[in-house]
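Next up: the structures, one after another.
In the two complexes that follow, chain A is the common piece, with chain B as its partner first and chain C second.
Presenting the complex of A and B:
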């Protein structure tokens, strides 16, 4: 499902109409309506989806909001981890780059 | 016409109704129209479904229609065979007429698994106390039917040996107390503790080896309209001679283990996800490994006591 390659200017979004999120124990489970797949999300994935559900963002503009949601600094949660999580979420369709806005 | 226990009708009336496709049975949330001409089918129903409510007159549209019939004209008369016809095309291995009961049971399972959209269906055995249910999810050979039978002896109600039927509205499991299907060595094990009078004749030479059925009790059938929430979810695994182990698993893990056992989760989508999350939220889940029925029963009753069941 990944459409890459991506750049710093890629605008990402999560469609809240397409994904159901439910808390279960200390994780979030997500049901992706388009694929019918169910996913277990860790706190970082949940934060990314929540930020991108509130509005489309580039990676740079989303990063501080994500770190704020998980209450971690960029030293504790590196860009590499966040980028990797973006790409994993893109792979399963829970977030996607916005057409014409890469 | 009111539903009455099958046992009140004469064999001739049952046989005639079966031949003419006007035997309607109501079990839990499903009404089923049954049809078939084989003597073995009549005998099986009169024995194993003796306490099931039926009427010998088709008055309503039914949820399920099963016609146990010959696969083609030739096999109706020469080297006779039967298949279950649930009203839609499914691959079915033709069976000799003596195995018509198996064709019926397979057809009923297929119909519920493939046609039921009112509930999220899981391939699981379910038993219940007056406080809640134990849902037992296992692959074939995992011992769920044997364990369910053993729990019946401990006073648990039989909900189903094949299906967990999860209600989308209030997240309860509905009973569907058809007979418990037992294979191979499980037949003798259950005979030993339930008594031979509770068992059907053994069907030999089936594609899955020997199969026999443990009859649902009249009390199981009488309470088939009383659904209950799941309190305990078990994933048993039988390993010959294994040392017993019990491991509590997280609710998300239980959720992900249950999804593949559902026959309609991906078809139903959102309501199935939402109700499954709610069910798992309200239950504790365990993986158990055991080497004997006695051990699986001991572990399960201990877990049930710990869960206030």
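Presenting the complex of A and C:
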């Protein structure tokens, strides 16, 4: 499930049914049932999963919610690293684009 | 997110450091493929051990017999025909022609060439004398005359020919110049062990070599035919590896 073309309009969602999450301090262990892989998520990737579990979002709509969850500002957490983390999560199959992929 | 530190600045500073590492290329997601790899390893690590010694007899067509009867070589290094016959009769497993990979097949036998000249022509006298000639070059005309004329002993046998021009015995079977040739026997000792996964390439195909390769090539044929239900030693291991490589 490699990251493909995407845009600002791409709507992303996490598959709640397919992933088991267990928080351990500031990291979360995610077991992806489809692939059988286990992923260690840091606070940012965990926040993205949590936001997208609550509902599908674009980068723009998810950004303030993510920053709120990690209690940081956009100065601390750049758009670039948020986008890069989205794509990492897409790469391992924990989130996927629902619509708007170019 | 759970905030563990009572000092918000310290907590945020730690996260900033992590994000800096992320900006420098550190993954935000660390993937452990341990569970999947473990499954792969177990599929490829299974080993086959055959408690009793056995032999695999291969003929030049690739037909195969697997058994444990004795097969010795004669002084010329050829397998003894009677033992071959008995081995075939008592074989535990039989595979049809083409089963053994070509590299494991022996060379074809060299057959006696037949004289297909059936014409009654001027060569008759020569033919008569040649029939009467024994191995040491002496004539046995008296024997011929006294013994009912047409009776022939082995050394004088004038074989019939098959369609390929090969000599044939009284049963119509082709007779090679040395009837123990055309067979190769591979022997496997007691507690023979092989790990099929060691013969699987990174690309997921088989690379079968050596005596192990012959055993495995037959095991694969057997597994494809019978699946786990068969009685071939180690067939479940073969099926496991076949499943892994998607065959």
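Heads up, the rule we're going with is that the second predicted complex is superposed on the first by the 96 of 102 C-alpha atoms of A that agree within 3 Å, B and C clash if a C-alpha of one lies under 4 Å from a C-alpha of the other, contacts with A are read in each partner's own complex, and residues count from 1 in each chain.
What we mean here is this: contacts are C-beta pairs under 8 Å (C-beta built on N, C-alpha and C of every residue); 3 or more make two chains touch, one makes a residue touch a chain.
This structure is a prediction, so every number in the text was calculated from the model and none was measured.
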Overlay on chain A: chain C relative to chain B, clash or fit: clash
Which superposed partner A:76 touches (first chain B, second chain C, both, neither): second
Touching partner for A:47 - first (chain B), second (chain C), both, neither: second
Partner chain(s) touched by A:33 [first = chain B, second = chain C, both, neither]: first
Which superposed partner A:20 touches (first chain B, second chain C, both, neither): first
Chain A residues touched by each partner, larger count belonging to chain B or chain C: C
Single chain C stretch clashing with chain B - from 97-105, 169-177 or 187-195: 187-195
Chain B/chain C common contact set on chain A: 25, 36, 38, 40
Footprint of chain B on chain A - complex, ascending: 20, 22, 24-25, 27, 29, 31, 33, 36, 38, 40
Touching residues (chain side chain C, partner chain A) in the complex: 1-4, 12, 14-16, 18-19, 22-23, 27-36, 39
Chain A to chain C touching residues, read off their complex: 23, 25-26, 35-47, 69-72, 76-78, 80-81, 84-85, 88-89, 91-92, 94
Chain A-facing residues of chain B, complex: 250-252, 255-256, 259, 266, 269-270, 273-274, 277, 280-281
